[in-house]
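Across the two complexes that follow, chain A remains constant while its partner is chain B and subsequently chain C.
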Partner chain A sequence: MNFFFSFLVLAEIFAVLALSTNLLLGVVGIFSVAQAAIMGIGAYTFAGLAIAGIPMPIALIAAIVLCGIINVIASLPSLRLAGDYFIITSFGIQLVATAVFINWSDVTGGATGLSGIPIVEIFGQKFVRAGPFLILSSIALGVVSLSFWLLMRAPYGRLLHAIRQDEIAVVAAGHRVLLAKVGVSAVSGMYAGVAGALYAAYIAFIDPASFDIHVSILAVTMVVVGGARTLAGSILGPLLLLAIPQLLALIDIPSTVVGPVRQLTYGALLIAFMLWRPQGIAGKSL
Partner chain B sequence: MAILNVENVSKSFGGIQALDDCTFTVRADEVTCVVGPNGAGKTSVFNVITGFIKPDNGTIKFDGQIIDGLSRQSRVHLGIARTFQNLRLFEEMSVLDNVLVCLKGREATNPATAIFRPFYTSAVMKDKRERAMALLEEVGIAHKANDEASMMSYGQKKLLSIARILATDARLLLLDEPTSGLSASALDNMVALIHRLRDLGKTLLVVEHNTRIVQRIADEVLFLHRGTVLAQGRPDEIINNKELGRIYFGEVH
Partner chain C sequence: MLYIQLLVDGLVTGCAVGLVALSFSYFYATTGIFHVAHAGIYTLSGYIALHFVKLGLPFVAALAIAIAVAAGVGAFIQVTLYARLEKRGASPLVKMIASIGVLTVLQNIVALTFTPNILQFDLPWRISLVHVFGIGLSIPQLILLIVSPLILFAMLAFSRWTPLGKRIRAVASNPELAETTQLHPERIFIYVIAIASGLVAVPAVLVGVDQAMQPYTSLLVLLTAIIAMIAGGIGSMGGAFVMSILLAVIQSVSVMLVSGRWSIALVFAVFIVFILWRPEGLFRRNFNRQI
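This part shows the complex of A and B:
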């Protein structure tokens, strides 16, 4: 049972990351492959502060705020660059972030990672095992999902969809595209910060590989497979994609090929969905 | 009374002089048609008025106020709105949503309000929906409100592009070829709508190629050639001027 709860906790954490990616990639059309880097910044911030003895709620808020700010800065080039060029820019941002996680060892623990992250404790209750932690991750996913839904139904959400389709027409209607994009980047960054802090608190150990380019691409795959622009898609995508390694574990294959087979499966899924169901499971077309 | 004064405006792109010392006025509550051969600078005139291109020289006044330094958005808020030749609809959105995005008033168009003031946002949405529906009624496509914009006929798309600029509540409407490509019945519809908008107190500046339609809708005509206003006057004067006719239709030997 613990095994199953653990899977659910991770799926929920990645659902939060998928919603962060969905806001940029699906809704407003900023194709970013750097969301894992932002999640990493959230994780390291939360872990570093918690290890230093800062109360966890404050560490969480610090991680969220910092990620919001950094994601705005990271997204700024997209205001000048047309869609395809920003992919390259965000790829660069991801690589720089990974390099920093590896080399700024005084703060991040370097390639060996950061361990000894304190256990979450609320009213004397310790959240060590997956079962109780599932309550925390469910609350976090609930809050993030609710805010995503509120954004999408509001005039602001409609404005974001309009920006994706035709920025010139949005300007001609008297709206400030820059302001809207800064707002959505901030929210997306905050979501990634929540995902990072949850991840650090749950696993209690983080290293640069937890937030590298593969994880960013995994988040994009989750959004595409689940269904871009939809709330349900960003929850279904992580559930399905994280189930794949669990299912592979049931098959009797050598442990050395499990990693490559997993990557292969993700790649094949991405291609298959692009060819036959570009709108994803729950979604509307990208 | 003049609502728009374009004074000595010039714009060149590389070696091409799109606008050359262009000067004209648009009177309030009238329909002014811009005519001229291809490449005369008609769309460039729209672009400098709405701030989509910055002129090299010259001044533009709207309602007596110089607007040269204003952003595109500020000009919309002042009361100048435009359509595009290629319409630029939000094709994947519903007809109603297309109008809602363009509706005047930026309430609840930021993430903090959307998330932290849900009830206020709901009230704003209800109000906006009613206003948008009224505009769709006005242009005659209210029955299509929930259809995706891409599913509409070309004529209906043109009506939607007009509903969108009405949504900005602008007083000066710049229509770029509103009648091109329309069937006969859709064309009559459009002409009637233009008359109705003028009667509602809107000022219209319209790029129009067809001289018969110009005679049906225009109070005033601007004849543009090589970026300069060659003549401005009442429709009959301009259309019956043989010299202008030669320029417009090409030399006839």
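This part shows the complex of A and C:
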């Protein structure tokens, strides 16, 4: 049972990350392949502060705020650059972040990562096992989902959709596109911060490989497979994609090929969905 | 002396990246597809050459096979994926995500058939040094230095003077007109991707021989190449090539100032500042495709 709960916790954490990616990629149409980097910043901030003995709620808030700010900075080039140029900047941000995680070893612990992240404790109750932690991650996903759902229904959400469809028309109608994009980048960054802090708290160990380009591409795959722009899509995607490694564990294959086989499956899924179902399982067309 | 050695190292890397940039640029400027899978073809062709060298074929034959396979795989991707997506009116974003999928598939096929670990060519001459004006160069490095500019000039000549080169330029500048004047853009695209993929096999194999190979490193090479392409002005093969060399030399010489571990971060930081300041690239070119 613990095995299943553990899968659910991870799926929920990745659902938060998928929602972060979905906001940028699906809703406003800013392609981002750097959300894992932002999540990593959240995780390292949370872990570093928690290890230093700072109370966890404060560490969580610090991670969320920092990620919001950094995601806005990271998205700034997209305000000036059209489409393909920003894709490269986004790849660049991810690679630079990974380089920082590996090389700034005083803070991040370098390639070996950070371990010894304290256990979450609320009112004397320790959240060590997956079962109790599921409550925490469910609350987090619930809050993030609710905010996403409200955002999509608010006039602001409609403005975001309009920006994706015809930016020039939105400007002509007198709306402030710049402000809207900065706002949505901040929200998306905060989601990634939540995902990062949860991840660090749950796994209790983080290293640069947990937040590299493959994880960012995984987040994009989750959004694409689940379906862009919808809440259901961002929750379905992580559940399905994280189930694949579990299924692979059932088949008897050598442990060295598990990684490549999993990646291969994700790649094939990306191609298949783009070819035959670009709107994903429960989404709208990209 | 150290400076000169670093300069030459940068020059060699720049030539390799330049060929990647040139080939990516050729396909991108013609079709507007952000062909990330180009990095996958880079990886694949290196390992194909390695495989045939291991089977005992002479190096030149292995290189030729790698080029042919790369061209074939490229054409296959165009026919089975990009052409279909185009027919369905897919957005550039959808095509690029599909391309990321192809990259992932190719890299992991390589990792599964060979190994995810570092592999080296079993060629005795790969490490023997040749001294030119007191600077030590390995034979693959020397070949890269000589062959890369030749390929650049050959491509420029091909594009300017041959009938196929002219047709490709016509399709690139106006696909709708090319369609109505029976130039068959969809067929041209297959030629272009085959040429680009065959070209990218050359630096892939030579760098593989010179250093070593790993399935997942090619994306970084491609990104550096794309940065050079943007900085050089999209659509200009010469610009992409020159900028690749410039970037690689800067990266190589910067080791004197900052730790080598940070040099990638440095290049990207410089790029982001540069692109915000001058989005049209160093060499102004008319490139008004909708992106």
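Simple rule for what comes next: the second predicted complex is superposed on the first by the 286 of 286 C-alpha atoms of A that agree within 3 Å, B and C clash if a C-alpha of one lies under 4 Å from a C-alpha of the other, contacts with A are read in each partner's own complex, and residues count from 1 in each chain.
As a convention for this text, contacts are C-beta pairs under 8 Å (C-beta built on N, C-alpha and C of every residue); 3 or more make two chains touch, one makes a residue touch a chain.
Remember, predicted model here, so these are calculated numbers, not experimental data.
With both complexes overlaid on chain A, does A:Gln263 touch chain B (first), chain C (second), both or neither?
second
Please indicate which partner A:Ala172 is in contact with in the superposed arrangement: first for chain B, second for chain C, both, or neither.
After superposition on chain A, A:Ala172 lies in contact with chain B alone.
Considering only touches as defined above, state whether A:Gly53 meets chain B (first), chain C (second), both or neither.
neither
By the touch definition at the top of the document, which applies to A:Pro254: first (chain B), second (chain C), both, or neither?
After superposing on A, A:Pro254 lies clear of both chain B and chain C.
Thinking of the overlay built on chain A, is A:Asp84 touched by chain B (first), by chain C (second), by both, or by neither?
In the superposition, A:Asp84 touches chain C alone.
Output check: A:Gly183 vs chain B and chain C. Expected answer is one of first, second, both, neither. What do you get?
A:Gly183 contacts chain B only, not chain C.
Touch test for A:Ile217: chain B only (first), chain C only (second), both, or neither?
The answer is second: A:Ile217 touches chain C but not chain B.
Please give the residue numbers of chain C that touch chain A in the complex, ascending.
It is residues 34, 81, 84-85, 90-98, 100-105, 107-109, 111-112, 116, 219-220, 223, 226-227, 230, 259, 261-262, 264-265, 268-269, 271-272, 275-276, 279, 291 of chain C that touch chain A.
Under the stated contact criterion, what part of chain A meets chain C in this complex?
Listed in rising order, the residues of chain A that touch chain C are 29, 31, 33, 77, 80-85, 87-89, 91-93, 95-96, 99-100, 102-103, 213, 217, 220, 224, 256-257, 259-261, 263-264, 266-271, 274-275, 278, 286.
Any idea which chain B residues touch chain A in the complex?
My answer: residues 50, 72-73, 76-77, 81-82, 84, 88-93, 97, 100-102, 104, 106-111, 113-115, 118, 121, 124-125, 128, 164, 167-168.
Note which residues of chain A are touching chain B in the complex, please.
147, 150-151, 153-159, 161-162, 165-166, 168-176, 179-180, 183-184, 186-187, 284
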